[in-house]
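Notes for the one structure printed next.
For reference, chains read A, B, C and D in written order, and residue numbers begin at 1 within each chain.
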Amino acid sequence: MLVIMKPAATTKEISQVIARLTGDGYETQLSEHDGRTLIGVVGHDMPEPTRENYAMLAGVDQVMDVSVPYKRASREFHPTDTVVPLGGQLVGSGRIAVIAGPCSVESRDQIIETAHAVKEAGAIALRGGAFKPRTSPYSFQGFGEQALQWLAEAREQTGLPVVTEIMDPGLVPLVAQYADVFQIGARNMQNFTLLHAVGESQHPILLKRGMSSTIKELLMAAEYVLSHGNTRIMLCERGIRTFETFTRNTFDINAVPVLKHLTHLPVIADPSHAVGKREYVAAVARAGIAAGADGLLVEVHPCPEEAVSDGRQSLTPEQFAQLIEETRAIAAAVGRSA
Amino acid sequence: MLVIMKPAATTKEISQVIARLTGDGYETQLSEHDGRTLIGVVGHDMPEPTRENYAMLAGVDQVMDVSVPYKRASREFHPTDTVVPLGGQLVGSGRIAVIAGPCSVESRDQIIETAHAVKEAGAIALRGGAFKPRTSPYSFQGFGEQALQWLAEAREQTGLPVVTEIMDPGLVPLVAQYADVFQIGARNMQNFTLLHAVGESQHPILLKRGMSSTIKELLMAAEYVLSHGNTRIMLCERGIRTFETFTRNTFDINAVPVLKHLTHLPVIADPSHAVGKREYVAAVARAGIAAGADGLLVEVHPCPEEAVSDGRQSLTPEQFAQLIEETRAIAAAVGRSA
Amino acid sequence: MLVIMKPAATTKEISQVIARLTGDGYETQLSEHDGRTLIGVVGHDMPEPTRENYAMLAGVDQVMDVSVPYKRASREFHPTDTVVPLGGQLVGSGRIAVIAGPCSVESRDQIIETAHAVKEAGAIALRGGAFKPRTSPYSFQGFGEQALQWLAEAREQTGLPVVTEIMDPGLVPLVAQYADVFQIGARNMQNFTLLHAVGESQHPILLKRGMSSTIKELLMAAEYVLSHGNTRIMLCERGIRTFETFTRNTFDINAVPVLKHLTHLPVIADPSHAVGKREYVAAVARAGIAAGADGLLVEVHPCPEEAVSDGRQSLTPEQFAQLIEETRAIAAAVGRSA
Amino acid sequence: MLVIMKPAATTKEISQVIARLTGDGYETQLSEHDGRTLIGVVGHDMPEPTRENYAMLAGVDQVMDVSVPYKRASREFHPTDTVVPLGGQLVGSGRIAVIAGPCSVESRDQIIETAHAVKEAGAIALRGGAFKPRTSPYSFQGFGEQALQWLAEAREQTGLPVVTEIMDPGLVPLVAQYADVFQIGARNMQNFTLLHAVGESQHPILLKRGMSSTIKELLMAAEYVLSHGNTRIMLCERGIRTFETFTRNTFDINAVPVLKHLTHLPVIADPSHAVGKREYVAAVARAGIAAGADGLLVEVHPCPEEAVSDGRQSLTPEQFAQLIEETRAIAAAVGRSA
């Protein structure tokens, strides 16, 4: 850490900062740059709020930290790729992992039909919402445990592991009975109570980036889960909120290589929520793989025009099969299999 | 609702849309505009996902809705101002309500000393965090129930009601024992499980706008609480996330008159989180009141340089007393008291 | 156009709107939807400001337009792809067009060396800045006409056409003497005086999206150029400004398929400005092609550590050659050549 | 400047950085912090692009600058307030300066009528557009020189100085003949050719913040003008582009106290463009003054429903007179006159 004093800082102010640092157990080193005194701080990491306090002392211009706040999620800390076992495959190794299914589980028939269709096309896991976060209290909120049972039945028939969103920390035991992967939705990326709860399980986590969260905040959210002992985390870029309104969100393609660089955790691209319109999903899926993503999360519905949610961005099984084929070509072009 | 067909839509496509609408129980009315067929839809409200499904039918260009999705929160539905009782005052009536206190409750002495100081300066309620949402798992997470007990003690001594954040729906009964107002933090504005839980209580709610939530989404979050029976909601503008990084967030001053126009619920301005730097808090507080806010939420700490969180944006009791005075002058200028 | 009246609109208010529309030369059609009166407006297109005026009349809730404001740029108006001749190739036809070179022309040697290197690697045109838009008045502003001469010399030696930015409408004749393509920079996308000036030439235009411009605004800027008679326009996505600060901008990958859908003009991806860091350029370049872009604009410098501008995001000739190879594989995977 | 090496940087890498710095004429100072080597750089200011080059050297983690890039605009450089003479008043001294008038000059009668009305209400200058930046090439582009003549006539009758937008650097001499203040519009804030041109005149400049420009970029744009010798600059906050679409832009109220802190130049608030809807203009105007702005820029039209542009956000003369009265009360509350 570095404390940068103002050009006009007095000797007394400099001494006071040093005295406080010493009192807090740090060693200090002084130097002069651009007419300012700089105080280097040596010792244990200083938590962010304490740093802010130093920023308020008389004569201090700013306090800078040069270390990364996420340790366990960082590639510096853990250079080799983490792989997450899913459906007999290792997500984060060479092969592209595709997770697909409807936004909401709407009926037994719908989810079982979809499960067979996405399996045949090449998906390795089935997604489907049992508890739905909906902007309106008057919208369909999901079939809950009933939906979990249908998902489990679909798994029995197809062998596909089940990925489903969890919103309530109190429901971890219930959902754990049926699902193979806990999805943390974008709106809950900083629901720390929930991150704590799933961090204590050993279920793999699909952690979606909040729609206005920075890459660093996504890594800090992963750090919460990691700090409670669960290392099976897949990060998911699903589009961020920008001024552009033609698409539902803006898929942050930059985040794919950046995440692969900063962290050892696998990265999944969700083109469906990123664009929000069916006709653009395949292009963004191809882009995600071309940029280095380890997998895809795609919304598929046997009959999108009948979907109770997100129909506008859902693919038909035929469109999904086509997307898989296109993706395979891209995967091969970047030296991966799919 | 209106279904706007593409210019090139065929008669068959138009007929298919009409047939489906009729099948779903709606009446239709046809007209022609700008070379397109428009299908007016008469009948009960159509939920958003169903509308989206119509948008996918062959020949359809777009589907538009002309109604507001929030009913109970809307001023059209409820023209007269809602007032929320707090500390012997009615928030949303003419008098400005100031809620103040530290970001985190750090000790018995700290919270009691602050309570006395803010009361003396003119605050009508005490804020203080017992459970803290922190970006890093390694930061201080709050003293929990112990902090709630200290807050209750501060209330006993000063008479100030207690406002504190709740993050875990499972803790509603515990927090309700000690606190007078549940604060829903910005990160939890769309934690629907939590909104449901506090909507079933009768404690007043301080609902903070998510840092990347639209005004409409804030009203939909209020609608969740309202739909579960709790009408004692104060909306809080606390800054949104933009490209500007000099300040912590961008206070959306426009939102103040817009919310007063769209909804009957009182509006509180939080200048502390909006700017993130102590020296700009008073200016934004004055602006909030000038724009029509019904109250303020201000971070105050007896010794900001020692604060374990948000010290950088906390005022000293003296600065807070000065802010209150400035605010009173503004309140008088807009025909209110403080 | 549609005028949607408020539910509470009186017969008198409705009559006044109709009278004004009739006076303005429009025919009207009335219908009822959701308890509101709707007035359909038939006749010539109504300009946006006039529409806004109707929105202000008593009893009017909103006025909606269902037509697109860009005509010549729209694929509805012009369904077949526009191709732009460049370096003996047609940009927008099947083959990927790569334009490369340094941010600034720094010396005769630098630009000639780079021209040879990028040609050898597979570029079909040379970029280089003679007049530089710089945030600081104290930064290097470009070598001006001298740089144009060096660029022309590089073209003579390599055969590569020259792409260079123009900022001053008064310099169109000068720049036209030396350059083959006028680049309109992101900061000038809505410099309408400049758009007018280049619209009157027949030089191809590389029109970069403003860093906070919507897709629609980009198309409207193209419409300016088209409306003055120049149809040789290449649109360039180069990243938009968002809250994410880890990368210089956020490449809007969604915009690639969306633009290909909405307009007949070719789309070029600029990964260099979008990410701002050399190590991520190739991944975003691959993504752009995978999503359907017709070409790339890439910053290349013989010695990035010595560049006077944008060195941080410039590739060495070797890295560029590697990028071209990776891009070719992706192009083949999406059925294109490169 | 500071060069922060990676934890794993080798002695050889450190030596290479030092050698290059020495070669470039800088002195260096070494220290160790958090297990990293830090190289302090002493000597003349290093331009940003050169700093970026150092960031690319082997072993370097990042390069940080602790100095501000704007010198002449900075309050450190020039502690006392700059005041700009306008209409017999000094903008930036205690009295609030209100500039008002229509978006576009539409006719001789319209501008003369408006001039009288805004003068009577208390405005000290008249605004009106002769050359209009319009998103669509098919919208009204202004009456050009004819409008300038009408503006001059309005000045003759009322004594109000004329503020008008200039977009084309080639028109500086023409516009200077008629107008008293050059307005630089938001879309041209980084039109450096134009900034250069007006920087060489001595006309006061009303410099509007770009809709996606940071506070720092606004100050750098002012620096351009200052560096060419013109110090009569008024900065104008007019709303920034965010994800919120209910209002036209988001007025950045934080920017008002921040600008007053960072720079000596006066700050004008433009509530009209910030909200885009007439009914919210007065609230944001009051907020701007409460936060410390030195003046207002307000759109006023004798008959907003007939305006050819921006009618939706224009006030009638009566509404404007009411706004002035409200503003006076706020000004008094913050110790200023109006």
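Keep this in mind: a contact is a pair of C-beta atoms (placed from the backbone, for glycine too) under 8 Å apart; a residue touches a chain by one contact, two chains touch by 3 or more.
Bear in mind the structure is a predicted one, so any value in this text is a computation, not a measurement.
Novice: Please identify each chain that touches chain A as well as chain B.
Specialist: Touching chain A as well as chain B, we find C, D.
Novice: Between A-D and B-D, which chain pair is linked by more C-beta pairs in contact?
Specialist: Looking at contacts between chains, B-D has the larger number.
Novice: On a C-alpha centroid basis, what's the spacing between chain C and chain D, in Å?
Specialist: Here chain C and chain D have centroids separated by 26 Å.
Novice: Using Cα averages as centroids, what's the distance between chain B and chain D in whole Å?
Specialist: For chain B versus chain D, the centre distance works out to 31 Å.
Novice: Return the distance between the CA-based centres of chain A and chain D, expressed in whole Å.
Specialist: 38
Novice: So which stretches of chain D touch two or more other chains?
Specialist: Touching at least two other chains: 212, 241-243, 245.
Novice: In the complex of these two chains, what residues of chain D are touching chain B?
Specialist: Per the touch definition, chain D meets chain B at residues 212, 214-216, 239-240, 242-247, 250-258, 261, 274-275, 279-280, 283-284, 286-292, 326, 329-330, 332-334.
Novice: Under the definition above, what is the set of chain A residues touching chain B in their complex?
Specialist: 47-50, 52-53, 55-57, 69, 133-140, 167-170, 187-188, 190-193, 211-212, 217, 220, 223-224, 227-228, 241, 278, 304-312
Novice: Which residues of chain B touch chain C in the complex?
Specialist: 1-2, 4, 7, 29, 31-34, 36, 38, 40-42, 61-62, 64, 66-67, 212, 241-243, 245
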